[in-house]
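Paired with subunit B in one complex and with subunit C in the other, subunit A is shared by the two complexes that follow.
== the complex of A and B ==
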């Protein structure tokens, strides 16, 4: 039996292929990026140690503060997604002819990929696009609006796109949650005189608590990492007056457009700290949630 | 219930039910229009000829005389077949190897006692919160200076051959298998590799499918890293190629629409064929 053998290579051999890849492409880069963040580095020439200079520059960089602000604003997609997806889940959670078809249709944006979908949106929002065409036809606007050239709209449009792409996915998660809630709870609420909407308020929402926590965690972490939507909608420029620049977009610009790998690494460290704080807050919320349930 | 067809109460309830259902269908159609309209619009636009306007008041949705000219233009100006081929090679290689490596690593983490197990497990767990974009800078340096696979397909394959999420999901699946099953096989003289391959892998097939589908969608739609690595058109994957197309066809909305359709259609067909597995797979990772 296994226990007799005091030392065996077997488990390490099983782990080896995966660990080699993870060490080279994940663990080493994490260590390297910490070091780079303290250097002046342009990738083509070797890094030069500059201490905390990159961080000091960041503190005095108005675009970086703008990026931080935009990334925090972007977190508003999380409550929007939760609200919309729960409503959608409640609507599709019934046995009606054709309901599976609708669930499928709602899921299509999830699998289509943000690049193709982003380009489609960009074309629709073009000054000569279908959105302006529809709005002018129904008389809501007289002249076409330059949706993508207006700094005030950039971030909002990207957030709408993120929400549109994600809502079918989160709907499915909430739907699975709803189907786990015992029917008796709804019957009891009905006996207590609740109407259809009150039933959902007192039974569905508390019953969906684990899913709400889960969706909060993953959608807020995803919101902090947004890049593709911004890249496509602003044509890789970040929007007029940096209106669409988020932390990850700014990291990308510093590293791969301006060749400031050291500065970009410092931004990466800030992003890491924000992500860690978020994860801790989210995990705390999750723990207190389960305690309250027990 | 149907025996009381004539009762007023039942007719009232039936009417109420009918009213409810109509309301639900109206809502469903409304949401479906919101989620599907961009696809339909791009689809119709891609078949418009030069005489059909992209912009008009009121809008013209359907092409008056559908043409495949836009597709032909895209095919002659860009190596679309290479894009498809590259995407397919990258996606399939990563799905197979990532699942295989993950399944190998997950077994000892779930079912064996050995030195360093907890250290390895918690290190992997800790890396899970690290934003993927963070590693892109050193990975770029590695690709250019060490591995010299910049602008080669290998650069977008190797970093994804193993992933922490795959290992976690499969570790959970292995952990659910009773120890007795494994011990019985050991007594029968099977070695660990035989046990893994012929006893454990078949039992965790649903989890393998979940992992494969998550990896498939992720890889097919992957853009950030491939866009940093692939610059020669013939080496591009579909997503990177689509952005190149968007640049090359800057004033040609019909051509871009054709490119979008060609990028999206394979995934939608695949999804349509395997709907249940897709939805269960992508949302199934949640339960952990």
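== the complex of A and C ==
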């Protein structure tokens, strides 16, 4: 019996299309960004090697630290999204007439597109917009508030927008999870004397654990990479006094407003490390959860 | 019988056509490089025929508008315009078609880019496929930005003196980098203020009382807030505050030897203090004040919630399209002038990519689009203004304005002739402007003393100088 396997090109040929796509669209760009992060590069002119200068500048750049802080604050969107989406999933997981309509309505923001939604929100929050109009009508405020020009509100409004846009999508994930939980578990909880909320606390939430872990991973990564909401709401400025500048927005500003693609690449590298760490922590958490369940 | 009659008519028609073609004069050969006056006849209506005199300088070629000699045969060039499609598709396509007739063998591919123009252009340069002819904004300082990076073709040796002299000298001399010119001045705008009379009349003021100088704005905004409960729709040029300081405040931004920034002078502090006071008084919309998108301010005005907005008459069409009810209440006044006494910079330019394979054809196209006749044709479509004095000799500019969009026509030539770029070449301009923006914001919104904010900014900006 001949144990030496003969070399066959066929499997490599099958792998080739995927491999080419990965090299061209993933490995090469990552390699290029790593290289550019050590250069003075303005997109339109050739890069010049500057060593770790971009990273040193970043460490001493207060706006970058502000952007990093804002990005971490933005992560608060994740628990808010999970909480609201589970509540909504529980509400629409009932066999009531017309419930499909509600599910559809809740899902509309997801398919609306962040640019269109951002513009609509900007109009609502305008000095003469509907929000001020309502608040003045009911006597809550005397003079209109310039919501998007108040540094204290910028990030919060963007986070609200992200939450509003995302909750329909995550609701569908939790709804699918809820529908997989056996009805017998709720019956058993009822026999044990649980009321409606207690049933959800002891049955639904543990039953949704895989979905909660999944949503935590993807929504936190999305929160770290937020850009559209900030760009639209702040008219491209990033908020007064950089109040809404996040890491990705700052990356864009460096690359496309200030022409510092080298610096932008260094920011991208920092973001890459942060998202990588997040992914590892989340995946570990997911694995430990699965082991505990087993 | 009918067939026979038809055949006879057909033969007669063909014979007549052949005779006419044979008797027609040969295409005239124009003398080279000698200025001459030609007479063009334009049929304005079925009954009225008007004559206009256009000064052109023919060079070798069949078409008197073919002013650039030695155009590469069979050149294929690309033109990028900024936010002109679809409204002006017909004009651009017609002009390209007539250019291709004037320069036979040259093919032009046209693309219009809009909100992502700058990003697209930078990416195209990085990828090595940037367009040959590029529509760049003078007002945003793009020509200077790209020229300092060596991305644009110097035109000094490419363009005959007779062609250079067809433009207003101050427009030709804009954004000169190290003594070299990089742009053909294209269509210009006249800065005006659009006034919403529905709101403005509530203040008790007359449109004629609109401030003639920038320092009259704070008092006006106070009155508007008191009488109409609306805020002033004023926008800072957040991407080029150095220019705004120079025009409005008469600020000298950099020393004559270029070794130190000087935008913390008394003039600069006074300029910033004016805006700080308006923010403190709560008379300006802060969102608009610091947005980098003109459309945000224009949208606020168009929605009828602002008494006035500084823009070009060409954008009145946006008001008409989006709020026809307000169009009837519009008034147009000349924009207030700053302490520099200069009304403003030019608007649009056409430049040539320094790496083009067809420099002559590209220069020819840029020149063709910006010649007196083609700019006049453009001005007849929308309220933009030619950068060639000759275009204003057309009766179109002498006619009394009918629509509100035409209000600036009577003084357009004078106004355009005074446009000038008074800002010297600033090293690391984008970075310095960003430093100024942070300083201005800290003074406007964080109670930092304007003098301290600007002095700190100067110290920071000076570190960028060699």
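The working rule: the second predicted complex is superposed on the first by the 271 of 294 C-alpha atoms of A that agree within 3 Å, B and C clash if a C-alpha of one lies under 4 Å from a C-alpha of the other, contacts with A are read in each partner's own complex, and residues count from 1 in each chain.
The rule is short, and it goes like this: contacts are C-beta pairs under 8 Å (C-beta built on N, C-alpha and C of every residue); 3 or more make two chains touch, one makes a residue touch a chain.
These numbers come from a predicted model, not from an experiment.
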{"item": "When subunit B and subunit C are modelled together on subunit A, clash or fit", "value": "clash"}
{"item": "Partner chain in contact with A:19 - subunit B first, subunit C second, else both or neither", "value": "first"}
{"item": "First (subunit B), second (subunit C), both or neither touched by A:257", "value": "second"}
{"item": "Contacts of A:110 with subunit B and subunit C, given as first, second, both or neither", "value": "first"}
{"item": "Which partner, subunit B or subunit C, touches more subunit A residues", "value": "B"}
{"item": "Which of subunit B and subunit C A:82 touches, first, second, both or neither", "value": "neither"}
{"item": "Contacts of A:43 with subunit B and subunit C, given as first, second, both or neither", "value": "both"}
{"item": "Touching partner for A:240 - first (subunit B), second (subunit C), both, neither", "value": "second"}
{"item": "First, second, both or neither for A:159, with subunit B first and subunit C second", "value": "neither"}
{"item": "Touching partner for A:96 - first (subunit B), second (subunit C), both, neither", "value": "first"}
{"item": "Contacts of A:149 with subunit B and subunit C, given as first, second, both or neither", "value": "second"}
{"item": "Colliding stretch - subunit C into subunit B, listed as 37-45, 55-63, 109-117 or 181-189", "value": "109-117"}
{"item": "On subunit A, the residue positions that both subunit B and subunit C contact, one per complex", "value": "43, 126, 128, 256"}
{"item": "Subunit A to subunit C touching residues, read off their complex", "value": "42-45, 63, 126-128, 146, 148-149, 151, 234-237, 240-242, 256-259"}
{"item": "Residue numbers on subunit C that touch subunit A, as the complex places them", "value": "118-119, 122-123, 125-126, 146, 149-151, 230-231, 238-239, 285-287, 289-293, 296, 300, 303, 305, 430-431, 434, 438, 441-442, 445-446"}
{"item": "In the complex with subunit B, residue positions of subunit A that touch it", "value": "1-2, 7-8, 10-12, 14-15, 17-22, 24-30, 32-33, 36, 43, 88, 91-92, 94, 96, 99, 102-117, 119-121, 123-124, 126, 128-130, 132-134, 136-137, 164, 167-169, 172-173, 176, 211, 214, 221, 224-225, 227-228, 232, 248, 251-252, 255-256, 261, 264-265, 268, 271-272, 275-276, 279"}
{"item": "Touching residues (chain side subunit B, partner subunit A) in the complex", "value": "21, 24-25, 27-28, 31-32, 34-36, 38-39, 41-42, 45, 54-59, 101-102, 104-105, 107-109, 112, 114-115, 117, 120, 123-124, 127, 129-142, 144, 158-159, 161-162, 164, 167, 183, 186-187, 192, 196, 217, 220-221, 223-224, 228, 239, 242-243, 246, 253, 256-257, 259-260, 263-264, 267-268, 271-272, 275, 278-279, 282-283, 286"}
